[in-house]
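Consider the two complexes below, in which chain A is the common component and chain B and chain C are the respective partners.
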Partner chain A sequence: MLSALLILGGIGLVLGGILGWAAIRFRVEDDPLVEKIDAILPQTQCGQCGFPGCKPYAEAIAKGEADINKCPPGGDDGIRRMAELLGVEPKPLGEGLAHKPKSVAVIDENTCIGCTLCIQACPVDAIVGAAKQMHTIIEAQCTGCELCLPPCPVDCISMVVIREEIDSWKWRYPVYMLKQAA
Partner chain B sequence: MGAREQRPGAGGRRLHAFNGGVHPEEHKSVSTSRPIQPLPLLPRYVVPMRQHIGNPAAPLVQVGDKVLKGQMIGLPEGAISVAVHAPTSGTVLAVGHRPVTHPSGLPDICVEIEADGEDRAVAMAPVDWRAMEPGALRAHLRDMGLAGLGGAVFPSHVKLDPGKERKIHTLILNGAECEPWITCDDLTMRHHAAEILAGAAVMRHALGCETVLVGIEDNKPEAQAAMRAAAEHAGYPVEVVAVPTRYPGGGGKQLAYTLTGLATPSGGLTTDVGVQVFNVGTAYALHRAVALGEPMLSRIVTVTGHVARPGNYEVRIGTPIADLLAQAGGELPEATGLIIGGPMMGFDLPETAAPVVKAVNCVIVKDRLLFPPPPAPLPCIRCGACARACPADLQPFEMYWYAKAKDLGKAQAYSLFDCIECGCCGYVCPSHIPLVGYYRFAKSEIWAREQEKAAADAARARHEFRDFRQEREKREKAEKFAAKAKETLAATTATAEPGEDPEAARKKAILAAAMEKARQAKEGVQPKNIDKLTAAQQKEIEEIEARRARAVEEKGTP
Partner chain C sequence: MRDYLLILIGTVFVNNIVMAKMLGLCPFMGVSRKLETAIGMGAATTFVLTLASGASYLIDTYLLGAELSYLRTLSFIVVIAGIVGFTEMFIKKTSPVLFRVLGIYLPLITTNCAVLGIPLLNVQAEHNFVESLFFGMGGAIGFTLVLVLFAAMRERLEAADVPAPFRGTSIALVTAALMSLAFMGFAGLIK
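And then the complex of A and B:
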């Protein structure tokens, strides 16, 4: 009786020790769910979700503090993929949020006074310029977040919708008439 | 590809039949009765900068510039790009967006040239390709604007660089021309056989390969005879092989398999098995670029279908398609539109003002009889006919279901990108489903998503770096302040005399330092521009100072 208790207790202690050691040795540093959600988000860093960037929003979703339908640039496709990842039902975009066509910011270089306020606001460092020098936007790196618009004291930044060009053109989903119009 | 069916070809070579394929009605004789006809000089040409796969050329001319025939007007940009040339002499009317031959109907950057009617050419000189460095020869071909004329318009100089590790043992000249209606390669072979083989000699030299095969479908006996006759005088061994007429036997991978039995691996190119394939028209253009120094200024285009004078025309690059049709006698009544390319792989042209580019091998005028509107698609009945017809050994129905459901990952898992978009699956489909349309949609959607993902990753990296940079700046600032405060403290406490209260001494020292700083500021900084003066300048300054001193004395105030 006693030996049985000792043996079983011993096994329990050894296994518990191994598990405890493994939990420390193989600790997962970051929450992989946050990374997965962040990979779905479009990285515009626009803050329309109410969080200061995509990563904080991903963290909030992972903690269950934020809904999945707060990201307008991600669109319905982003919501659908997020719902798939988290195993929840997809839902329409949150209230007061609207999907806009993809745009880039353009600085009217004649009006710019070189105040550097937009440079400080840009979340992806896509604006070049210096104090009292003209600023300009690196189009390829602009995410279209619109964060540079409010700080500009002379309203010289405008959003320009990216037009479809031949190299960005996509074959359409085949649509056909089920019945020929008479 | 299965190697089940093997039979000797006309030349004794064992041929290997690829799986699948179809045999649509050929309609080739419509346009083969006349020899290649040149087109008269037109008043206006529109030359797009994007005529090849890769980066578009950069325009080299401005509005109002005078250009000569053969003058480079578009500079190749990057490794995969070729030059673009003026098709005739004249004046640049515009550099801007014009409709181009593209299924989207979107405009693209073009150079519009008004011909002066003189057709004066730049000086063109042959090059000695045997003595040239391989790199120099390829650069020459790039500057001559050479791109594959079979339809994919891939820059030829890139294809002629096999790389250090890769050995090309066989060069195949593709004269199969498997698509119905198209006959431009047939006519090129009939009329320019010797030139084609002279161009192939350069290709053979550049690739360092021994074997040269010419694959021609057995429905073109005249072209075969012409090529065989030319092969006897080519100066190197050439084997002209008749291949069975079966679409898409002229696909690069299919022709390579038919002739050599070497199957291209999934996701690979024929060069992976040591075979390089060039269209016969490309070989002809390459010969002209080397032996005459003439850039790619024109190409042979088949105009056929519901048109008054069907035939093959030598058309300058940049000729508006509406003008080409007019030269071919115009559309017959009740034409229902244009196809660029063949009926299997071509696309409907949305805009006839678009010009002929290097990729345009055929213009077909449709009518209701020859090209009835496609019947309404019915649901897929899972018959598997498409899989039996697929020459790339894919499962088209699986790809169709996933592409239709927009499950792009699954579609890709079924080797979507091995699809050559030949259209055999849709041709045999009893439900008339436009299968290739779904594959094209899925492919371009996958490419777009990959680009979006790359952009998002770049934005994330930049945002993370910005956060890191702001943190670092904040920290550096704090460290700087702390260091300065410490320095001041050290400097001020050091002056304390023995017996004196250290705190009072420190305050005294700070006060002294501040007064010293104020005194220096009052004295002003010595200007830097008077430290190296000539004697004359020094004298002048002294005179001015003296004058100023006198003025102050007289008025009493400075």
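And then the complex of A and C:
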């Protein structure tokens, strides 16, 4: 009776010790900062920041390899929240990433040859179509990232600015414009 | 050396843990949908099973002995749970991709009856330490082999035109049964 208790208790203690040691020895250093930055980024996966998606950009910011002002879809609001999170001064959107009016891509269906190149480029799967079939863009899904423009061999995709009409008008987020540093 | 080779071949083909002894069927059905997960699961199980057979042999021989043999199943389960926990941390550290692929199935190795079955069979067959290790490794390799073969077949079944009542798990079970029959062909290989 006593030996049974001792033996099972002993096994438990030894295993607990080993697991405790392993938990320290094999700890995975998750960087919680990456998750927080990633949550601020708009998740359009558009690649305009020069990274292959929002998560890699977030990792680069966390490592200090990238600036916080490379994300046009996030806008000034995104930059401001990121600056708050990281405790740095907010700065205006980087060079060549100027504000553009909100727009969606539209395929000229008479010119489209059905090559599927734009489908492969679209980060949000907003283009439907198949090989040698006409493609079209789901307007509601399009983030206006313009990544489908360069691969098109017949230049049949154009960006169309969304005009504000009664059914496309939305409440604006409160945006505080940033002043360009002199 | 010849004995060890015989144990290895015997457990991989003749007394295959899944096909002949019908142990470890839940990971066999659960993880065999994709080839990659099957390979990962097989590797993790091989690691756990080999360690578990060795550790459980040591515990059974040096700690429990004859008079405490009623604690066998209990202590084996505890040891296996500990080893699985260790493996989980190890894989999470060394290969996050594999960790994500295995997901829920990694802690489920604890409840894999093959992992408990092999140490108990070891005791029953009165294997010594090295034989136990080989038996455990052979059983695990057999498990991996069957899992990978079955996963490959199931990937093809996905594309096959299966009659509606047989779709999904039913056709998988029928396939497993046929595979088990095929493995009976190895029966005469080793006495």
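In the analysis below, the second predicted complex is superposed on the first by the 136 of 182 C-alpha atoms of A that agree within 3 Å, B and C clash if a C-alpha of one lies under 4 Å from a C-alpha of the other, contacts with A are read in each partner's own complex, and residues count from 1 in each chain.
We adopt the following convention: a residue touches a chain if its C-beta (ideal position, glycine included) is under 8 Å from a C-beta of that chain, and two chains touch if they have at least 3 such contacts.
Everything quoted here is computed from the prediction, not taken from an experiment.
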- [ ] Name the contact category of A:E164: first (chain B only), second (chain C only), both, or neither.
- [x] first
- [ ] With the two complexes superposed on chain A, say which partner A:A58 touches: chain B (first), chain C (second), both, or neither.
- [x] neither
TODO: Applying the touch criterion given at the start, work out whether A:T44 contacts chain B, chain C, both or neither, answering first, second, both or neither.
DONE: first
Open item on the list: By the touch definition at the top of the document, which applies to A:P123: first (chain B), second (chain C), both, or neither?
Closed with: first
Open item on the list: According to the stated criteria, A:S3 is in contact with first (chain B), second (chain C), both, or neither; which is it?
Closed with: second
- [ ] In the overlay, answer first, second, both or neither for which of chain B and chain C A:I11 touches.
- [x] second
- [ ] Applying the touch criterion given at the start, work out whether A:A105 contacts chain B, chain C, both or neither, answering first, second, both or neither.
- [x] neither
Open item on the list: I want to verify the contact counts: of chain B and chain C, which reaches more residues of chain A?
Closed with: B
Task: Of chain A, residues touching chain B in the complex - done: 38, 41-45, 53-55, 123-126, 141, 143, 164-174, 176-180
- [ ] Could you pull out which chain B residues touch chain A in their complex?
- [x] 50, 100, 102-104, 106, 108, 373-374, 376-377, 406, 434, 437-438, 440-441, 443-445, 448, 452, 455-460, 462-463, 465-466, 469
Open item on the list: Using the touch definition from the top, list the residues of chain C that touch chain A in their complex.
Closed with: 59, 63-64, 68, 71, 74-75, 78-79, 81-82, 85-86, 89-90, 92-93, 96
Task: Contacting residues of chain A [partner chain C, same complex] - done: 3-4, 7-8, 10-12, 15, 18-19, 22-23, 26-28
